[in-house]
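There are two complexes below, and they share subunit A, which is joined by subunit B in the first and by subunit C in the second.
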Partner chain A sequence: MAAITEKTSDRMTVRRVQIEGNRERYAWLFMRLSGVAMLVLAVGHMVIQHVLNSSTNLTLQFVAVQWSSWGWKAYDIFLLWMAIPHGIRGLFNILSDYVHNPGLKRTIGILLTLFVVATVIWATIAISLFDSAMIP
Partner chain B sequence: MQATLRIRRFNPETDKKPWWGEYTLENVHRTDTVLDLLHRIKWEQDGTLTLRRSCAHGVCGSDAMRINGANALACKTLVSRLGVKGNEIKIQVEPILGLPVEKDLIVDMEPFFDHYRAVLPYFITDQPVPADGRERLQSQVDRERFDDTTKCILCAACTSSCPSFWADDRYIGPAAIVQAHRFVFDSRDEGMNERLDVLADTFGVWKCRTIFNCTNACPRDIQVTEAIAEVKQAITSGKV
Partner chain C sequence: MSSLILTVRESIRYRGRSGQYSWLAHRLSGLAILFFLVIHVWDTANAFFWPQAYVWSLALFKNPLFGLGEIGVMAAVLYHAFNGTRITILDFKPEWWRHQRLSSLITWTLFFLVFIPIAVLMLSAMIGHCSELASAGDSCLRIPAFSEFAQYAR
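Here is the complex of A and B:
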């Protein structure tokens, strides 16, 4: 009965595999990482804007005070970089479940990508150039 | 007690569309299985009712069906689990979804098995047979890693409960991933690159949206979603 009572090694065998990366895989990874980032960023955003401050006095002046610091500008820009691609990729995932025509799927993908790129660039410029001193 | 069964019927030779058949059975016991009731209907009332079953004991995986809206093996589902009201029970039975219905409760399993075959579900190695000509030993820790996924009986309850599979049947599906997991995480097997290549494809693991229907449906209590997550992680980290 030696084989049964014998104590075997406690170390788990770990082996390397080489799997070629594709878009799906990186998109999946991005969804996980941005999800974790937003757990902190988006919840923080919610707490600051709607719990610590009442959302009824969310005015331009309030935003001006916040965006007078580069730290908060960076916070919001980063949140945006995570949220917009995350949301649009999610939308694309749902659409690609039902759109089976490869050409149509590609077109939708390109349009959504253009939308993400344009929105992210535009919003980044808008927030960076925001000058609190201009707000009375 | 009295049982009323509503069964989704379809005979491709005579019916244009599927229809619901209603059957009433007396003297039903709480300990009867849904398969027992289907047998009684077939044997006592309507011999044309068509279903697939073999072992009747949850081993062969041939009688997965949609019972009261949830996938299960008819032979493992007791009447007492289906919400007996007073002295009455109502049960609805349909074929599993996402696969073409051939007749009544029988679906064409071929697309399902195509996905199964795609992951090379057999032992692959270049290592010679051990000197004593007996089994290839491995440590208990290594054996433990794929223990859960050895339990699969290929009933298709998981794959046919998956909304991603309903939407696009090119998705390889949870059952094929479970079967691949059983070999990918076996330290004695050397086919992991080929298998993970298939699973890393567009219609591989990335189509999984972590809905957990598969885990709920599995009659063998396999942690299907967890197995899929482990495969995703193996692909992203390059380590198995």
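Here is the complex of A and C:
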């Protein structure tokens, strides 16, 4: 809980709010920065993969052509690093509105963090080690 | 749980107008994107770890039921992106907070202007795919069998 100190003189009341730590603020800032990054990366990804190309003719061979270039690999890895933490943090923000037990909230936070780490590592390994030469 | 039910009910009943509708749409679109994203990321990782499962899922996602979901994800991403930009701008510009109604109207307008032509393109790709399969005596509604992609087994 944020501590509020109040000082009342005869003319006015001054309230100072002390924020408990910086983690919440960094999380807030991350949501804005990753959001702006994804305005280009995620919307770009959607337009390139789902409009200019189409899922109706997507093949593993098409993926192999894209991931034969380190530029595309870097694009996808960067988008992955922005999107998964952004999405899970958003889920945590929503859950925080309904979970009022601090212990349960903390447990959910730890589990979601582990999920982010596992997903990001797993998918980063997949993208970086993907070898187009191995695709028939 | 009771607070969740209360929120769902009051989200529908509460007449917060533009600001509240934006808040609700932002949450719902965010949840929808996250649901899709987690499946998408773990599925795409299979292109490396388990190619047969990946190629099978590619065939499955060509089913128009998934195709409609894909159009839904497109809508969610576009709205979430535009409204997120609005939130970010207003976070840094408190003096613009009085334009809450106007800014959400601009967001919705921009969203429909971009989404409608894209939805038409995606729908026509879907219909094209289905009629192509139909003329080959196949159906786009058929659920592909895992064994059809045995050549990708490792």
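The rule is short, and it goes like this: the second predicted complex is superposed on the first by the 115 of 136 C-alpha atoms of A that agree within 3 Å, B and C clash if a C-alpha of one lies under 4 Å from a C-alpha of the other, contacts with A are read in each partner's own complex, and residues count from 1 in each chain.
Note that contacts are C-beta pairs under 8 Å (C-beta built on N, C-alpha and C of every residue); 3 or more make two chains touch, one makes a residue touch a chain.
Since we're looking at a predicted model, the values are computed, not measured.
Using the contact criterion defined above for the overlaid structures, shared-chain residue A:I127 touches subunit C, although it does not reach subunit B. When subunit B and subunit C are set side by side, the one touching more residues of subunit A is C. Touch criterion not met for A:R106: it reaches neither subunit B nor subunit C. Of the two partner chains, both subunit B and subunit C are touched by A:Y98. Shared-chain residue A:L39: touches subunit C; no touch with subunit B.
When both complexes are overlaid on chain A, the residue A:I84 reaches subunit C alone and has no touch with subunit B. Look at A:H50: by the touch rule set out above, it reaches subunit C but stays clear of subunit B. 97-98, 100 are the residues of subunit A that lie in the contact sets of both subunit B and subunit C, per the superposition on chain A.
Contact residues on subunit A toward subunit C in their complex (touch as defined above): 32, 35-36, 38-39, 42-43, 46-47, 50-51, 54-60, 63, 67, 80, 83-84, 87-88, 90-91, 94, 97-98, 100, 119, 122-123, 125-127, 129-130, 135-136. Residues of subunit B touching subunit A in their complex: 137-142, 145, 164, 167-168, 170, 187, 192-193, 196-197, 200-202, 206-207, 209, 232, 234-236, 238-240. Subunit A makes touch with subunit B in their complex at residues 3, 8-20, 22, 24-25, 27-29, 93, 97-98, 100.
Remark: subunit C residues 3-4, 7, 27, 30-31, 33-34, 37-38, 41-42, 44-49, 51, 54-55, 58, 61-62, 66-67, 70, 73-74, 77-78, 81, 84-85, 88, 91, 118, 121-122, 125-126, 128-129, 151-152 touch subunit A in the complex.
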